[in-house]
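In the two complexes below, subunit A is the common chain; its partner is subunit B in one and subunit C in the other.
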Partner chain A sequence: MPREYPKGGLKRIDIVKWVLFPIALIAVVILILFPLIMMFQGSVFTPEGKFGFFYFLNIFKQKVLFKAFRNSMVIGVWATFLSLLTGVPMAWAVSRTDIPLKNFIRNLTMVSMVTPPFLGAIAWIFLLGPGAGKFNVLIREVFHTDITLFNVFSIEGIIFVIAMYVYPFVFINTASVLDNMDSSLEDAANMLGASKWKTALKITLPLVSPAIISGAILSFLEALALFGVPAVLGMSRGIFTLTTQIYQLFHFPPQYQQGAALAVPLVVITGILLMFQYLYLGKKQFVLISGKTTQPTIVKLGKAKWPVLGYCLLVVSLSVMIPYFMLLLISLNKVWGAPLTLSNLTLHNYEFILFHYRLSQKSFLNSFFLAFMAATIAVFLALIVVIYNKRTQNVGRSFLHLVMVLPFAIPGVAMAVAFLWAYIRPPFMLYGTIWILLAAYIARRIPLAYMSCSDGVTQINFELEESARIIGASWFKAILNITVPLLKLSLISGWILIFISSFREISASILLYSTNNEVIAVTIFTLFEEGEFEALSALSILVLFITLVFVAGSRRIVGKGFAQVS
Partner chain B sequence: MKLLKKTGCLLVVCFIVFVFASMAHTETIVDKAKAEGKLIFYTSMDSKTANTLAENFGKKYGITPEVFRSGTGKVLAKVEAEFAAHKSMWDVCQVSDMAPFIEWARKGLIEQYKPKDFDKFFDYMKDKDGYWLAVKSNTSVIAFNTNKIKKEEAPKSWKDLLNPKWKGMISMSNPYYAGTTAVNIACILELYGWDYYKALAKNQPFIADSHGALQTMMISGERPLIAEQNNYSVLPGKYKGQPCDVVYAVEGVTLSPGPAGILKKAPHPNAAKLFMDYICSKEAQEIIAAKYYYPGRVDVPAKGQPSLGKLKFLYPKISWLIENKQKLIDNFDKIMGRK
Partner chain C sequence: MVKLRIRDLTKKFGEVKAVDNFSLDIDEGEFVALVGPSGCGKTTTLRCIAGFIEPDDGDIILNDRVISTNKSVMPPEQRNMAMVFQSYAVWPHKTVYKNISFGLELRKLPKSQVRDRVMKSLELTKLMGLEHRYPNELSGGQQQRVALARGLVVEPEVLLLDEPLSNLDAILREEMRFDLREIQQKLRITSIYVTHDQTEAMVIADRIVVMNEGRIDQIGSAEDIYHSSKSKFVATFVGTTNLLKGTLRGKGESLVQIRTENGMVLRVKRGKEGELPDIHSEVFISVRPESIEIESSRIEKPHNLYRGKIVQKTFLGSFYDYRVEVEKEVLRVQTSSHKNLSIDSEVWVYIDPELCNYLKG
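Up next is the complex of A and B:
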């Protein structure tokens, strides 16, 4: 509970009040609100300054724009459906049944969540490309036919690949509720003679449905916001989504206004769904978890556990093991498509990426720098705003809260459009420098730090600061010496989450980068465009390796719960 | 005799003075360039060639150009965006499309500069006023995977690509990204009109952004037939022993000169001039030829491919292309279901 401080204390917090608060508040407004306002403004004014909604109407009038809109929806809905089909049974299996390898499945689902989906997409080209994809070749060889069974360069291919990387949202949401849920209702059903399957379907499922829906919403939004997968798999066959169409619109001659207008539906849909999740599901979900520490009842599946386990293993194989293995294989191969013999194996691709390719060296440095700075600044700003919101009674707190969580509702490409629009001219001419990327990364990921800090502060007993104040510490000192150390874990986990997601950021970077400011994902995309698939695989393996090391390290520091928030 | 000696001495002195004078001239350009210390080079050449040129230039003059490398379309988009924002960052730009350079020269956006060896370049490879000059040129050929398609069955002409038996096997680049593709399309349009591309669309071509990607997909067997490949993208593979070969279409091969020029009021004007001199030098042109481009110089022979004089060419109407490039891209995208 925020409280009023005695008048005498005010002088002592001057440094916070007059320096840190204003800086943080101005930064937040410039970083988040200003670009968004500019984007909305850009979408309703022509370059000549005429007001109107024609750019929005174009979405329905121009066939190509409407097709992109429709494709996005189709992909989003089907990918979400597949996520439910995989995430829910898997969550139930690892949380409530006696199948073996539960931790293995949980961990690999985590890995799938931190895997950049566009790397998965590239790996799936090696597997399901109609001409040289390994699966297709294998089928032709085994059955001596000419048929092509799978074509990853299709809308189905995009849906499949996206589903493999967004199902963790459903899985993690569902599993965390199942893990913590009071199982007395299920026990009652069992005692009354319901079968295991009937209990699962009639009792457990309805109880976790809010969590499932909330996971499904996140999956849908992620599927809608992804740029890399449809770019890699769709554009070459003329399949565009909202995100890739926006990218296309920024080609020469760039159509900024139309791009901005196309980004607006993404923001609006995301906003509405998140609002729904927050207002409706958020409340319902918490009623269910009683907070009692009873162990959930484990269902003994008997022989049925083998097909269930098989299903789980299939999903993690398709999302992680097979694609990773394929990337590794290609990264060690001289030429994609050459037979896999010892003489075709080489470390040359790694050597090239690490020592001879300036773009990759530069982009490694840039990405490290940006991820480090973005994480640090975002955590710092978030901390100040959280203190402002939770420990003062100043005006505008709920407004600030809204601004801080707003970026959740802005897909990367839309964010990039906003930034491009806002920072290409005075007063903030950042375009063409690395700072526009930094600003975009901070703005995109600040909600992660904010949520993590905010949860932390809420849990800290206010009396601790109070007692420090009573024995004479200033308000600022009390916060610095009491609150911040107690928040350490929240701060670290926020920092790491931002670092990981910024390190491999593609959707915003692809529109905002410039010469010498290339980041890793841009380099991977460039290698893809140029057809250097072997070098690309080597770089991907390095990126995946670094990401996994970070995740593993942070789980050490912060505990297993880390990164279970989205 | 004395007179002869005197004249001889005078001549020698003159020569020495001349040499020193010209050295002093280059010295100053080199010094000024070094003082600028930096050079930004936008190009659509493949990264390896661009980097080799940049590194060699760096070794010679102590300035290693910063290279931005992408397809012609992306380079142009960047240049135009910078023009629009009045914030041009490049010194030297090179793409595979003459049209924008002609436009920029007309609008006074690029600098007039005749590099040292200007006279050594083919006439149709340069602007007579010295606004730009093509440091290399590409030809567009048909390329195929020899493991998947037998040489005698491979298409012989652009028209052969329309045969339904190639359905799902063809790839090509797109005219937005690749300057050479735009030129190639312009030439084929003159022969066959848009009906050609409507028919080609039925063969469901895979449309990649760069010719490098087409090559990778062709060698792997993913898309064994490339409807229009750059000579320099396919020939290195062929001579390295990869399963691929080239067809020079009977209707004629398209030629895309790749002009380079200096930005007006470039941030590093002297370094830019020095770099233009360098890429026009015999040394640089030989590097370019070794990468299977056609060099722009008369005195550097092409490598591993028939010399320009031995090929039948289709020439694009540049004035038409300048006016209609955007329309061409839009139409192509529409026909290929991309728009």
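Up next is the complex of A and C:
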């Protein structure tokens, strides 16, 4: 009987081997490793060009720099403390008690997580600004005094606003362990006669503490890395943090090397804490989850559930509902500060930023273009590296893994410093073009795509590819027809995560943008500095709206796809 | 006609020889099973044949064409084989139809021909009407049929099966054994079947290869390996047996005399000249539980007749499983389910010399 033999597979393997792999691997190294190496190199040379720690020593010698360092630490520690104070009880309440509105609280916490914190900061200025802040005005009117009760332009103000946007890290980490934890551990304590409060304190809390610590570390690092909040609330009053001080150093005359030296502590602290989290806590957390799915025991709070619910609602109000409402209100107002009457309502601000204001139009287009391209390229590169790492036996796999997760440890401002330092001269002269923003977005966010893709591939049984190969598919065709389609959801969710976070990126953009290459966050920042609060609010509302639409859309796509594939 | 020839196949993982000098010829249309405990190298052997693993040494020859040597290895996709996996490995993102047609589409066959052949293989594997379903809408047994149809549709030279039934429940597994055998007989496709389950191998295969620690211990039909096991390993791995250790005391014309460690004297058929050990050397004898006769009344036999006592008894439906103490040895004896003897009773025990079997150590 004549048989058909499968035709030519070898040539295709060679394309991947000799074209795709090298291009992707070189791209990844140039994008991520090269700028970082340049930054470290820049920081360890003296102004005369000799090797030395001149710029590092400056951090301790120059009062301004040291103060910035101290401010960052103070803000980081207090914001983390507040995150614990809010995130842990809220996680316990929604996971293990009978309070109502659990899903509402969970969802609003997710919204808080995807809200750009600097928009929150601006909203809080409208409320707690010392002069015209609505809340301060209200208090003055009610009590007939001249006191300014709250001043958001202060270290305390910065801490408060940051805490409202970093507590979700603690909340989500804690809640996910509480949701999945084998509750027989707690039942055993109950059986032995421990009360429900005692069980929660003596059994549950110690068991989830690794997750809590891990969430606290993430909160701390995010607080440290944020640029927008201290920029909006601190700079005008001379309060600087590491990130805003670096920004300051790049104003005329730009002090690149000092900026690089100031970025290094950020990178080092982040690296050490992430390492600690990975090596020490990562192992501890796995012990808890048994793999059995058991219904967690729900604590009946009785009357106590109303104050607990009130506390949760207070936090989500402060982080989401009040700021969003404030921005919405001002975006619909003719003049900021005018009384809230129907005649003062207008859509003019939206019309202005959408049709009449060139900067916002341009930055909208730029941000869309950059977010789309960054997400697409990052997902593509991440996919190739994951295939290289998980589906070949080639050399350098662990090195590549390290390179791909490294950007997790680089705060945005530090990344921007590295990019400035690396791409301001040959061989890669990108500064002054939109491409340096694209490169920085890809480099910053590629770990999101890499992790999502890598987890996805790990779940795909080798035999699925082997069963394609044995009936005639080349290695490349098996990857293309079997592995990649099965990874669809990981790729989409990686893409959306990168799109959302790049669309409103500020920390790196603020240093890397140039005229004609403004992005949305930069435009909002400019509007803020010019006092154009109504247009700013309208633009912010649009950004928030687009972000939420993407988040909701991704949830739907991923949810639906799962039912089909698994 | 020899279809697949494997010569001195060797594969090391670090210091461990997973496959050690494996040689086997498989005829056109033959169904061969590789059996052995986990870690015996059976799956590694199969994966070398498929081309997923590069052997360290040895050749594989398909239709007089060398497809694997220690220098170069033909990639799996060019071997024109098919494989069914324990995990089914049915592609979850493709319908049943698309799963099966994939191999044909790779071969760039015209659409009508693809359709004909997919339909034919659906019929063969009793999957008619399910072609538009996704794998998650199918039972485990149906998924494994899809995997089989997907392999058969490309009309492979050799069909490889790696524990294909191990994930199915017992009843379905038994049913599928017969279906597999029937399909293989119908298509006369050369097949290699890996399993740790000796019963499965016996049902399915023309020839059974028993593997242990990377080596072939014995090749033969189900009857051969059961009744004429050549090693202690084969005798104990394939079915249950009474293993008696003793020394050779004397050689007669047709029988030899053996004395066990515990002093029982046993006459055993002489066997082939070359296989007979020297006088006074240590030997192992295997006697299957059902080859031993027990009676409550005396039986007349010239040799190997003993008095014994029943020390344990289990009723297992189709047979009784007794432990009988005979001259300080405890023998396992299986009788028909109607021979109900009471515990502690004295019995006559007869062991047929023809049914005893020498073993290499």
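As a convention for this text, the second predicted complex is superposed on the first by the 544 of 566 C-alpha atoms of A that agree within 3 Å, B and C clash if a C-alpha of one lies under 4 Å from a C-alpha of the other, contacts with A are read in each partner's own complex, and residues count from 1 in each chain.
By our rule, a contact is a pair of C-beta atoms (placed from the backbone, for glycine too) under 8 Å apart; a residue touches a chain by one contact, two chains touch by 3 or more.
Nothing here was measured: the structure is a model prediction, and the numbers come from that model.
In the superposition on chain A, no contact is made by A:F220 with either subunit B or subunit C. After overlaying the two complexes on the shared chain, residue contacts for A:K477 are found with subunit C alone; subunit B is out of touch. In the superposition on chain A, contact of A:F169 is made with neither subunit B nor subunit C. In the superposed pair of complexes, A:S467 makes contact with subunit C only, with no contact to subunit B. In the overlay built on the shared chain, the residue A:F240 is in contact with subunit B alone; subunit C does not reach it.
In the superposed model, A:F34 lies in contact with neither subunit B nor subunit C.
Of the two partners subunit B and subunit C, more residues of subunit A are touched by B. In the superposition on chain A, A:F550 makes contact with neither subunit B nor subunit C.
Comparing which residues of subunit A touch subunit B with which touch subunit C, the overlap is empty. Listed in rising order, the residues of subunit A touching subunit C in the complex are 1, 3-7, 9-10, 461, 463-464, 466-475, 477, 481-482, 485-486, 488, 564-566.
Partner subunit A is touched in their complex by these residues of subunit B: 40, 42, 46-47, 51, 66-68, 70-71, 73-74, 76-78, 80-82, 85, 87, 89, 168-169, 176-177, 204, 206-210, 212-217, 219-224, 242, 326, 336-339.
Interface residues of subunit A facing subunit B in the complex, by the touch rule stated above, are 64, 125, 129-133, 148, 153, 235-238, 240, 250-254, 335-337, 358-359, 424-425, 429, 431-432, 514-516, 526, 528-533. Within the complex formed with subunit A, the subunit C residues making contact are 50-52, 75-83, 85-87, 89, 91-93, 102-103, 106-109, 134, 136, 147, 150-151, 154-157, 160.
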